[in-house]
Structures are given as C-alpha cells and as structure tokens.
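Quick heads-up: structures coming right below.
Next come two complexes built around subunit A: one with subunit B, the other with subunit C.
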Partner chain A sequence: MRPALHAEWTKARTVAGPLWLLLGTIAATVALSAGAVSVARCPCGDMAEVSLIGVDLGQALVVILAVLVIAGEYGTGMIRTTLTAMPHRSTVLAAKAAVLTGIVAAAGTVAVLGSLLAGRLILPGHVQPLTDGPTLRTALAAILYLTLIALLGLGVATAVRDSATSIGTVLGLLYVFPVLSQTIGDQHWQRLLQRITPMPDHLGVTAAWAGAALLSGALLLHLRDA
Partner chain B sequence: MPCVRPCQIPGSSRVAAAATGPEPGAAYNLRHESNCELALSAPGIVVAGLRKRYGTVLALDGMSFSVRPGQVTGFVGPNGAGKSTTMRVILGLDAVEEGTALIGGLPYRGLRHPLHHVGSLLDAAAPHPGRSGRNHLLWLAHSQGLDVRRVDRVIEQAGLAPAARRKAGGYSLGMRQRLGIAAALLGDPPVVLLDEPFNGMDPDGIVWMRGLLRSLASEGRAVLVSSHLMGEMQHTADHLVVAGRGRAIADASVAELIAAASRGNGATLEDVYLRLTREAVEFRTGTSTEDRK
Partner chain C sequence: MSAFAHVVHAEWTKFRTVRGWVAGMVAAALLLVVFALLAGVSSDQKGAPPVPIGPDGGPVTDSFYFVHRPLTGDGAITASVPALKSSIPADPEHLRPGTVPWAKAGLIVKESTRPGARYAAIMVTGGHGVRMQDGYVHDTAGPAGVSARLLRLERSGDAITGYASADGAHWTKVGTVHLRGLGPTAQGGLFVASPPSVQGMGTSGSVSTAAFGNLRVQGHWAPGDWTGGQVGAESPGFAGYPANTSGAFTESGGRFTVTGAGDMAPAVRETLPTGGTLGEILTGTFAALIAVIVVAALSVTTEYRSGLVRVTLAAGPGRSRVLAAKAIVLGAVAFVAGLVGAAVAVPLGLHLAEANGVYVFPVTAATEVRVVLGVAALLATVSVLALSAGAVFRHSAGAVTTVVVAVVLPYILMAIPFMPASVSTWLARVTPGAAFAVLQTLVPYHQVASIYTPYEGYYPLAPWAGFAVLAGYAMGALAVAAVLLHRRDA
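Moving on to the complex of A and B:
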C-alpha cells in the first residue's frame, strides 16, 4: 500500500490541474460565503451557516478534481500503465481515495476557515468564533462533507470511466435533486427527495452515497478489462 | 534463491500443471525449497490455450507460445489476429475465459512490484500530456519502491535526456516511444514486452531500437516484440510467433521459417509471412467482416 500511496501522491503533485482546482475550491467557497454574508439582512442571530454557503459552490470544483483523478487516466489510456505497475486494483483505488481525501480535507479546511473569517470580518459579532461548540460542529461538518463529495466523485468516475459523464452525473445529483424537490408537487416525494439529497447537514446520507459509489466502482474496476 | 510456485488454474499449460507440486489447488506462494528447477525452467513468458470472446467475436482461440530468455521473439500477424489482446492478457489487464499466461511461472496479477519482473510498452497507454516525462517515470518508480536515481538512469538509457523535463503532451510519437521504453526498463526486468515499438520512430530511432532489442536479448532477457514490419523482424528477431485468427499459426526460429519457405530461391520473411497469413487475412476480409459488425 505504501508504494501505491507514494505513486498516487507523486501523480497528484506533478500536474498543475489538482493544485488549481484546490485553489479554485478555496476561492469559490470563500467568495460566495463572503457575498452571502454581506447581503444578509440583520439582526440575524448566528450566521455560521450562512457564512459557509460557499461550500455549495466549492463542491463543484471538488467533484471535477475527484473525477479527473481516475477518469483522466481512462481518457489518456494511462490507466493501463497504472494497472500494469500496480496490478492489485483495489489497492490502486484505495491509494487514490486516500490521497484525494488528504488534499480535499486540507483545502476544505482552508476554505471553511476562510469563509468563517470573512463572515466575522464582514459582520462582527454575528459569526461566533470556532471555540463556540455549534460553530465548530458546522465547520467540521462542512469539511467532512467536501471530502465525502470527493469520494463520491471518485467512485462514480471509477464506475463510469468518462470525465464528462461522471461530472454530469455527480453535479446532477448535487444540484438537480434540491431543485426537483422544490418543484415537485407531491409532499411525500418532496420529503423523500430532500431526505436523500447529499448536503452538509445530511452527513449520513452523503456518506452512504459516497460509500455506495466507491463500492460499485471498486467492484467494476475489479471485474472489467482495463 | 526463492523458488516460485505457480498457482494451478484449470486448463493451464503443461509447465504450470507440472510445477503445481504436491498440493493441488493451493494458491501460489513464495517459499524456499529445493525443488526449484521447475520454476526456473520456465522463465520468460509461457502462454497456454488463451481463449477470449468480445461479444460474438472470438478474439483469442487457443493462443499458445512461449518466449525464451536470451532471444528476441517477434510477434506478428494481421490486424485483429489477437496480438494486442494477448499482450494485455499477459499483463493482467484483460481476463480470459480459458488458459494461462505466466511470467517466470507466475500470473502477472500475482507479482509484487511487477516492473521488476516485466517491463512493458503498450501502444494505447499514453502518459498524461501535462506531466513531464521525468515525472511520469518518477511516479512509476515510486509505485515500485524505486527512487529517482533509477529514473535518471533509464532516461539516459532511452536517450530521453533532452526532453525529460518537458511536458509529455508536446512529445513526438518517437519521443513517446522512448519514454515508454524508459518505463519498461525502470525495474531492470528479465522479461520485456513491447507492442509496436518501431511505430513513429525516425530512421535514427529505428537503428537505436534495433540495437536496444539485440542488447536486451544478449543480456539474457526474454524479449517479446509485436510488429508489422517484417523487414525489421527479419533483422532483429531470433524467433517468430505468427498470430492469425486468435491463435499461433507458426512458432519457429526466423532462420527455419525462411529456409522452409525459400527452398533456395531467396524468400524474405515478408514472403513467408504473407504465405502463412493469407488464409487468416482472407478469412477476415471476406464475408465475415461485415457479419461481425
């Protein structure tokens, strides 16, 4: 496992794409959060959730990054080099997942802290510091959510093997589900859709999606010809 | 010296079956034991009875041959004869319905750090266009527990030094082939498997490649090279496996093949090849081509 991790880490740091996407995630998250806080009407109580609204945008870049980690290799054909160098396929996927988790958690932490800081600067006194229990919990949930979204993207891309299709599928799940649940008339379906949409305050649901995607990806990776 | 016991797989070759020893069905494992000669007698590549179907097309239909150390074995045949599929099967990328492909007595997917056992260049395995050739080799080295010194060594060996720090996306086809060769040599493997290495090479590159293949074989490595260039194979290969319709339709030394075909009138390897594969080509360009699509 260690050589595989080392190899995947070297891959991630020797092309420009991942770094730019991580920086983009941070920029997009902080910018939207700051915008949302500055247009919020006050008095408004605790603004921690509002000041983390940028995660809704940052997640899109996380999805692209996660998908490219494996679908990019299918695009060029490099996956064959990867699998001849590391024929144990679950190890390859595990190593990719571990490296992805690490870099997304790091960038997610910066993005979340930046957003909260922006909130405190724009609306002093309305965003509680991290020492406040609920704020800390919201912040950790947002970071965890971004990592789970990354794993969801990786799992879907491993199963689908095509960048555009994978990105479309995951973004559809993340953005179309909430819209659908708003427009649907039937209350029962509305509630069901809301309940199964991945969201930062639905960590269990998000984890289930990520787990299911990774599991099916791993299974297909194992069964199919490369 | 560690002795390697191959696993038993139904329909496996004579070599694999004989080497399975007293515990049939046991998974392959590495152990020190006195009965090493079986594993050692099967270095190189042994392909036995491969059968694979893509939908209705029978891609491999009993492909069997072996690649001996110290020789360049040419792997030729018309398009669609199963050469690339066979190579992917040897490398554990594609699964087969029947048969075995063993490297030094082991299936590829059972190798730990496989680049120390087999180096390969595949036509359809391009590097990431945004990564430099050197960094491509670097992640490969890391995947095998090797370090950067080995990377710089193979860059020299493959004549890639001037382009090593440039992005691979800007490489000519010839440079990409050299990068692939560098990757194949990374683990200093006893077995080398190259799919169309002459593709896209300029005349200098072709001369270099010819010399490289000869020297790899003279160092005692087993070298398998697929190619469409019969003239090239006549000068480079010691042994030839001709594929047609998913099986080996000839498996003999180059000298034997030419001698058998020419009977004193000076046939070339190309003549021999065309005669051997005529039937296979007619089969594929006849009515069945349309039926398959």
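Moving on to the complex of A and C:
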C-alpha cells in the first residue's frame, strides 16, 4: 500500500491541475459564502449555515478534481501504466481514495474556516465562534461532506471512465435532487427525496452514495480490461 | 452541395455515429418525461377542497365576510365607510395594528354566496384608495386625490355601477360592469376582506374591521334582517383568521361594524400553494440540460483528445465554419430532443396530476406551446454554450462544470429561502439562469400583494427576454470560441 500511496501522492503533487482546483475550491467557497452573508436580508439567529452556502459552488470543483484523478488517466491511457506497475487494482483505487480524501479534507477545512471567518467579519455577532457546539458541528459536517463528494466523484468516474459523463452524473445528482425536492408538492415524496439527497446535513446518506459509487467502481475496475 | 453543407453533413455523420452522444440526447428527452411522471404520480390532492374558479376560468381566492340580503331586480345600496383598521400577528398569540394595503371594505352585488360566483364591488382599501373590482381580475381606481368615504352601488338588469363621493353631494362614477348571466335574485350588501400581509419573505394572515354608516337601500331588496357569514371558509386559498379572532358583524342604530378576513382576487402561488404549474411538471429540464451539456462539450473535446480535430480542420480549413456546423448540428438535435421530450411530458404530467386531484394553474394553448418550445430552445442554446466552452477549454471536465454551474447554480441560489428578493431577481436578470423564465406560467397581479420571486415561479423578465439573456451568453461564448480556434494551433 505504501508505494501505491506514494505514487498517487506524487501524481497529485506534480501535476498543476489538482493544486489549482483545490485553490479554486477554497476561493469559490469563501467568495460565494461571503457574498451570501453580505446580502442575506435578516441577520436572524445563527448564520453559520448561510456562511457555508459557498460549499454549493466549491463542491463542483471538488467533483472535477475527484473525477480527473482517475478519468484523466483513462483519457491519456496512463491507467494502463499505473495498473502494470501496481497490478492490485483495489490497492490502486484505495490509494487514490486515500490521497484524494487527504487533500480534499485539507482544502475543505481551509474553505470552511475561511467562510466562517468571512461570515464573522461581515456580520459580527451572528456567526458563532468554533467553540460553539452547533457551529463546530456544522463546520465539521461541511468538511466531511466535501470529502464524501470527492469519494463519490472518484467512484462514479471509476465506473464511467469518462470525465465529462462522470461530472455530468455527479453534478446532476448534487444539483437536480434539491431542485426536484423543492418542486414536488406531496409532503411524503418530498421527505423521501430530501432523505436520499446528498447534503451536508445528511452525512449518512452522502456516505451511502459515496460508498455505493466506490464499491461499484472497484467492482468494475476488477471485471473490465483497462 | 455547397462547402458549408458538406461540413454540416460531416458533423452530422460524426454525431449520429457515436452511440454515446445519441444516447445522451435520447436520455435528455427521456429525463423530461421521467421527471414529469414523477411529478405527476408523487402528488396527491384527492379529497382536498375544490379550488374556486372565477368567471373567466382562472383559479380565484373568494373568501370574505359578507353581510347580505337578497336583491331581486333593480336596486341600489349606499353607505359610508368612516373607518377601516387592520391587524396583523405580532406573534402567534397576539395581534398588532398594521397596514394591509389591499384590505377591502365596501359594497358588493354577487350572483350568490358560492365561492367563484360573479360579483361587482366598490370599496375603500387600506392603502390604494377607492377601487371598483369585478370578475376577480378587474380593478379600476376610484377618484384620485379625494378622500372619498361614501360609496354607492346600483344594479340595473345585469349592469352594476359604482359611485364614490367625499361629501354625499357630489358623486363620481367609478365604473359600470355587466355581470353576464346574472339571475333576477342576487345577494347584495356590505363586505370586509383582509388578504394576507407580506412580511419579509413570507405572508401572515390579517384581519380587518370596518365601520359602516348611513346605510340606505333602494329598490327590490328582500325585507328582513341582514345575514352575516364567511364566504369560502373552506376554500384552499383562505388562510383562516389569526388566533383569537373571527368574522362577525354588529348593528346598532344603522351603524354596522364588520370584521373579516380573506380576499376576493385571482389566485397566485402564495395563496394557492397546492396548485401545480407546467414549470413543475418540466422539472426534468434541469436533468436534461446536464445531459445536453455533457454531449455538447464532448462533441468538441473528444476531437481534441483523440487528435481528430486536426483531421477535421485539415478537411475543412474554414475554422469558424466547422464551429458553426457543430453548433447547428448540436443545436438542432438538442432542440428536437427538448421538443419531443416536453411535448410528451406536458400532457402526461398534466394528466397524472389531474388524476391525483391536483389543481394545475390553467394555461392557454399558446402558453403551453411557448413553454414546450421554450424548453426545446433552452436545450438548444445551452448546447451551443457547452460546445463553445468545450472549444475554449479543450477539456471536457472544465467545460461541463463551467456550464452546469453557470446555468443551474443561479437557479439553486434563487431558490434559497433566505435570499432577498432583490438578489434573486438580480440573478434572474443577468445570469444564464434568466432563461428559466420560459417555464413561467403564473401571472402576477398588481392588486394582489404577494411574493413574486423566481422561487415562487415569477421571473422579473418576460419569457423570451429571459431566454435572450441566455442566447446572448451563448453567442458571446461562440464568438470567443471562434476567435480562439483561429488563433491557437489545434
């Protein structure tokens, strides 16, 4: 496992793409959050959730990063070199997942803390500090959510092997579900849809999506020729 | 064939022979249908009270406190309204005095007390002076600049004429309306209505009390006492009375005090939240857009990845022509996919929703055609945007994400509850998300104070103006793509 991890970390470190995408994630998240806090009409109660709205945008960049980790290799044919060097396919996927988890969690932490800090600066007194239980929970949930979205993207891309289709699928899941659950009138269906929508306050559901995607990705990686 | 036709033909051949791209476009059409199915079967309003329908077939709110007597034949009623006071909830238990601009108190002649029945009324309002209204949607302003407090309503056959006066000596005619099909016996009298008051991002029920004086009736009024009662107490558009209040009237020495809540007005989203719209049936547009974006971006980026673009440009060195040919082929296919998908989805979704007892805001055939064509045009234009982004980025991941975020994220942001109306209307004006206005079927009314935001289904731009914003982005992106295609080596 260690050589695989080292190889994946070297790939992530030495290509310009991932670094820019991570910086982009941070910038987009903080920018949208700060914008939302500064226009939100009512400084009503706890604004921690408002000041994390940027996660809606940041997740799109996380998805690109996650998808390219493997679909990029399929695009260039690099995947065959990778699998020749490390014939244990699950190990390769696990190493990719581990490196991805690490870098997205790091960038996600910076993005979330930056958003909360921006919220505190723009609306002093309405965003509680991190020592406050609920705020800490919301912040941790947002970081975990971004990490799980990355794993979801990796799983889908491993199964689909094409970056555009994978990104379309994952963004469809992330953006169409909330729209759909808003327009559906029936309470019962609405609750059902909301329950299966990947969201920061549904970490269990998000984890289930990510787990299912990774599992099917791993299975297909074993069964198919690269 | 001209050279350009050859290029178009070549692009069409490329498109139709890649199975994944054809499948993507078919998926876009199917997603429209599947989401319509889902929207149709997921709603269940069976057993809900019927929505009152006005004389012109539109849904209405028809709930107010009515103090009435039968009027058989011609007659007139005159009264002064010296006071109209409204209260809105300060908290769930208590009320505070407030201004409800469209609180109404006045005189009315109505076909019957059935909700949705024809009427004509003259009234004083909380903030819009004297008005004459009829048929739920028609509103005529009374004399301006005079604080008219005396009202008079005359019936002659099916013609109802309203007058207003400040002093009782000089009367101004406000309007005459003909209530077609009005039988000999109508109900006439005093009424008070008090629509929900708009409080920030929501509405809360209000209640109003009016004092009436100098009540005089002439003509063929039935003898006996005045009867008071709430019209349309069970209507879905009626939010009910605030806590600890109820509709009532008292009479002493020719002076009436009437308390009422509700409204006589066309239904809007806020007053008929259970009503369905075509836009909801076509929620699949968002999913279809993503499918179209993926296919359109891939149609360019795949050529770059495989190196085919060099062959394409060697065969057709007019680079703008190649781009234009791609745009035509992709746009046409996306248009057809959207047209077929929406044309199947709309009747299917409507049928299922109505079978489940859901009241769908009615639309004219022309509006229905506009919505279906609008979805097709939306998909076609977004495909051109995605194709241009693909040519600019030459990388599918960046192109797909940029276009999805540009088109879908504005809609998601508009739909966030705490987003102030000014921001969401701004988003619906300047971002590509403005084009979702083509899905709007709801009509805002000046005489109904409500929340007219994109989230509620009311866009600030007219449907085709909103679409033009997206088309502008697509044309701009296509121009940038053409310039870059010329400048850069393939």
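The rule is short, and it goes like this: the second predicted complex is superposed on the first by the 221 of 226 C-alpha atoms of A that agree within 3 Å, B and C clash if a C-alpha of one lies under 4 Å from a C-alpha of the other, contacts with A are read in each partner's own complex, and residues count from 1 in each chain.
We take it that a contact is a pair of C-beta atoms (placed from the backbone, for glycine too) under 8 Å apart; a residue touches a chain by one contact, two chains touch by 3 or more.
These figures come from a predicted structure and were not determined experimentally.
Colleague: Just from the overlay, do subunit B and subunit C fit on subunit A, or is there a clash?
Modeller: When both complexes are placed onto subunit A, subunit B and subunit C end up side by side without any clash.
Colleague: Could you say whether A:Ile64 touches subunit B, subunit C, both of them, or neither, answering first, second, both or neither?
Modeller: second
Colleague: On the superposed three-chain arrangement, identify whether subunit B or subunit C touches more subunit A residues.
Modeller: The partner making contact with more of subunit A's residues is C.
Colleague: Quick one: angle from subunit B through subunit A to subunit C, Cα centres, nearest 10°?
Modeller: 130
Colleague: Which partner chains sit in contact with A:Thr81 here, subunit B, subunit C, both or neither? Use first/second/both/neither.
Modeller: Once the two structures are laid over each other on A, A:Thr81 reaches subunit B alone.
Colleague: Which of the two partners, first being subunit B and second being subunit C, lies in contact with A:Val50: first, second, both, or neither?
Modeller: The second partner, subunit C, only.
Colleague: For A:Ala226, using the defined touch cut-off, is the partner it touches subunit B, subunit C, both, or neither? Pick first, second, both or neither.
Modeller: A:Ala226 sits against subunit B, while subunit C stays out of touch.
Colleague: Taking the superposition as given, tell me the minimum C-alpha spacing from subunit B to subunit C, whole angstrom.
Modeller: Between subunit B and subunit C, the shortest C-alpha distance works out to 11 Å.
Colleague: Name the residues of subunit A shared by its contacts with subunit B and its contacts with subunit C.
Modeller: Of subunit A, residues 72 contact subunit B in one complex and subunit C in the other.
Colleague: Of all residues in subunit A, which touch subunit C in the complex?
Modeller: That would be residues 36, 39-42, 44, 50, 53, 56-57, 60-61, 63-64, 67-68, 71-72, 75, 162-165, 167-168, 171-172, 175-176, 178-180, 182-186, 188-189 of subunit A.
Colleague: In the complex formed with subunit B, which residues of subunit A make contact?
Modeller: Going through subunit A, the ones touching subunit B are 3-4, 6-11, 14-17, 72-73, 76-88, 225-226.
Colleague: Where on subunit C is subunit A touching in the complex?
Modeller: Within the complex, subunit C touches subunit A at residues 20, 24, 35, 38-39, 42-45, 200-201, 274, 276, 279-280, 283, 286-287, 290-291, 293-294, 297-298, 301, 305, 358, 396-401, 404-405, 408-409, 411-413, 415-416, 418-420, 422-423.
Colleague: Taking the complex as given, what residues does subunit B use to touch subunit A?
Modeller: Touch residues, subunit B against subunit A: 88, 91-95, 108-109, 111, 113-115, 118, 120, 122, 124-132, 135, 138-140, 142-145, 183.
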